[in-house]
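Chain naming follows the written order as A, B, C and D, and within any one chain the residues start at number 1.
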Amino acid sequence: MATTIDAPARTGHVAETTPYAWPWNGALDATRTAVLVIEAPGEAGDVDHEYVRNAEVVVATLRRGGGAAIRVLTRRASATRPFAGASSAFADEGTGEIPTDDTVVSRGVDGFFGSPLETVLRQARIERLILVGAWLETSVHSTMRTANDMGFECLLVVDACAPGDADLVANSVSMIEMSGGIFGAVGTTARVVEAYAREEGERA
Amino acid sequence: MATTIDAPARTGHVAETTPYAWPWNGALDATRTAVLVIEAPGEAGDVDHEYVRNAEVVVATLRRGGGAAIRVLTRRASATRPFAGASSAFADEGTGEIPTDDTVVSRGVDGFFGSPLETVLRQARIERLILVGAWLETSVHSTMRTANDMGFECLLVVDACAPGDADLVANSVSMIEMSGGIFGAVGTTARVVEAYAREEGERA
Amino acid sequence: MATTIDAPARTGHVAETTPYAWPWNGALDATRTAVLVIEAPGEAGDVDHEYVRNAEVVVATLRRGGGAAIRVLTRRASATRPFAGASSAFADEGTGEIPTDDTVVSRGVDGFFGSPLETVLRQARIERLILVGAWLETSVHSTMRTANDMGFECLLVVDACAPGDADLVANSVSMIEMSGGIFGAVGTTARVVEAYAREEGERA
Amino acid sequence: MATTIDAPARTGHVAETTPYAWPWNGALDATRTAVLVIEAPGEAGDVDHEYVRNAEVVVATLRRGGGAAIRVLTRRASATRPFAGASSAFADEGTGEIPTDDTVVSRGVDGFFGSPLETVLRQARIERLILVGAWLETSVHSTMRTANDMGFECLLVVDACAPGDADLVANSVSMIEMSGGIFGAVGTTARVVEAYAREEGERA
């Protein structure tokens, strides 16, 4: 017995991702993909506007293609030692908030910690995550590590993630790429846009 | 009204920890401290025996002082892509297993993921964690990040943690030290031993 | 060596709890005790005002004694089947909101599911929970079961928990009392107030 | 554009489930369904062999149909109060262990607590759970409540779940059926077998 269904979403990969072609199975399917816009309000640092602009482009492209974007507000876990920083991240640096479909608030550096993020993603049947935001070495890295353990395949968009310390970018990326991509893959804004951009009226 | 109790455990700090004197409140108390011996059996790499010897010394010192040691077996999360490595970590490289008080098995790179580690620590009323094992950038880092979100104050013993890539050690440490110790502090075997060593017959 | 500290908080038990005298170790200590005011807004049912008044008294007594009260908003997990009910619980039935120190929102019937409740309790060093709210058989029971697994010792205040179905009250209580109190103990508003009430100016 | 795929698994419902026809969407698909055989070794009680025989039949039928069976070993959370019971559940009462595909061990009454159960189910892409085992009011109920919050649609097989107290069976079932099936549905061994039985050589 056989049946007829609509064609699945366009397949392929985001070009030039390292250390492997992401997603591993070629199923780009925006409707099963979410962008996490990770932010750590109150943590120290000046964000280069370029990162925010790239994050906005990634978010807008995915949403036009049928994907979801979720703002993930993280925070320093400990209240026992004083905060090092004061000024804030993506949201407070003058470009305004990036529009997303939902917002979750975590109680740690990891966006999943004490937050409904996992259940939000499971209910939406999300399989793949694209990560943008701040800070690369802290909240973005912690969230990506946990997401990967949970079975979500992750793509870090390196030029849309603001580093706390620019000297740590190369090694932050190396850690993800270890062992053939132990936490997922790394790509760039331009290639993500290419892969997920849709013509006017084209179906997701 | 007042009452009389036994003196609390010796106070102080582990010397020369960065970026702050660990533990923050000076309560060394070995009975509320656990060493996590993190391992990733099956993941690639040759371990320099020096790291294993240091881990053994840290474990033995804490246990003599009344602390616990827990072996944490982690593993790569995804089964969708092939394993990069084959040979194994601390346990398999010829020195034999480090004796611990308990073993937990996780289902991810993070030792807390799908494991009873949190409840084991809570039931033992542990407040502080000392981390040794392999690999520094992957399982050790992920476990330390989650432990910190959970409120356990962490000390990474850098010369008792085998790196997957020696070039990443400095930056792995820098990430922990960001923002005044966002994931805890970093110290060395010699200083941990100094702080926790007990005379023969001395109480913990 | 010995030292002198302030006396610990008043000890004893809440009278007439079943199936054992709660708390097991006689440490009432309000500063390590939290009342959870559990609510399921949107779930069906009329609440007898008596339950709400009792919950208010429990909350006020604990807070005066130095304890915390946390409002826990739960919700039905599934969106796949239509909601059976419409009218709401404690909050919406005309008595106004019970004043608490904090509010957490969960993503399931269990107040811990997808919520920061555990980390809120851990950070406040809470050891004991007193449960009031709605509905006894669903959100209150699920939250109590998980709290007990986490190691919090629980007391259900049966005349401050609104049942969804009055015929199920006796058996809901029996389930908690199985095996010597598998999920904790059960008591009444009057006895909780007696145990935790403080004279004007008396220390917690 | 259209494509041709193999027919999906047989659809329909398990007959006579309450309070709604399970599964809600008619997708029986054994390959996305797992039986949880929940046990609480060491907890008190004599198990009527009838429950064990029914559990065996459910497990064997699902496995023949392409489904998985997972043994879930739970335990009393608290070590602070003495155990009420001694003899054990399903496994120890003389019928021998029910063969399953995997075993997970939890650290609480809830089979998900401190265990890899969620990640085992997610990796196997399980969507539906059929619950059998002991004890109905404690481990089975707690596991079912959490599973439902996680988004797994649950069916309790009432004549394959041993009650700790036979007087509580009716109300344990009523709690699941509240609000149109707040924790899932309830059915019987005979009807589950009917729905999932496959002819010799028939595809799942």
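Heads up, the rule we're going with is that contacts are C-beta pairs under 8 Å (C-beta built on N, C-alpha and C of every residue); 3 or more make two chains touch, one makes a residue touch a chain.
Everything numeric in this text was worked out from a predicted model, so none of it was measured.
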| item | value |
| --- | --- |
| Given subunit A and subunit D, the chains that contact each of them | B, C |
| Selected interface, B-C versus A-B, where C-beta contact pairs are more numerous | A-B |
| Chain pair repeating B-D, as identified from A-D, C-D or A-C when over half of the contact pairs by residue number coincide | A-C |
| Same vs different contact residues, subunit A with subunit C, by half of numbers used | same |
| Subunit A and subunit B: spacing of chain centres that average the CA atoms, whole Å | 29 |
| Distance from subunit C to subunit B - Cα centre to Cα centre, in angstrom | 36 |
| Subunit C residues counted as touching two or more neighbouring chains | 107-108, 113-114, 119, 123, 149-151 |
| Touch-based graph of the chains, sorted into line, ring, star, complete or other | complete |
| Complex contacts: residues of subunit D adjacent to subunit A | 1-8, 119, 122-123, 149-151 |
| Touching residues on subunit A, where the partner in the complex is subunit C | 79, 105-108, 113-120, 123 |
| Subunit B - residues contacting subunit A, complex | 20, 24-25, 43-44, 76-78, 80-85, 107-110, 113-114, 137-138, 141-142, 145-146, 148-151, 153, 164-165, 167-168, 171-172, 174-175, 178-183 |
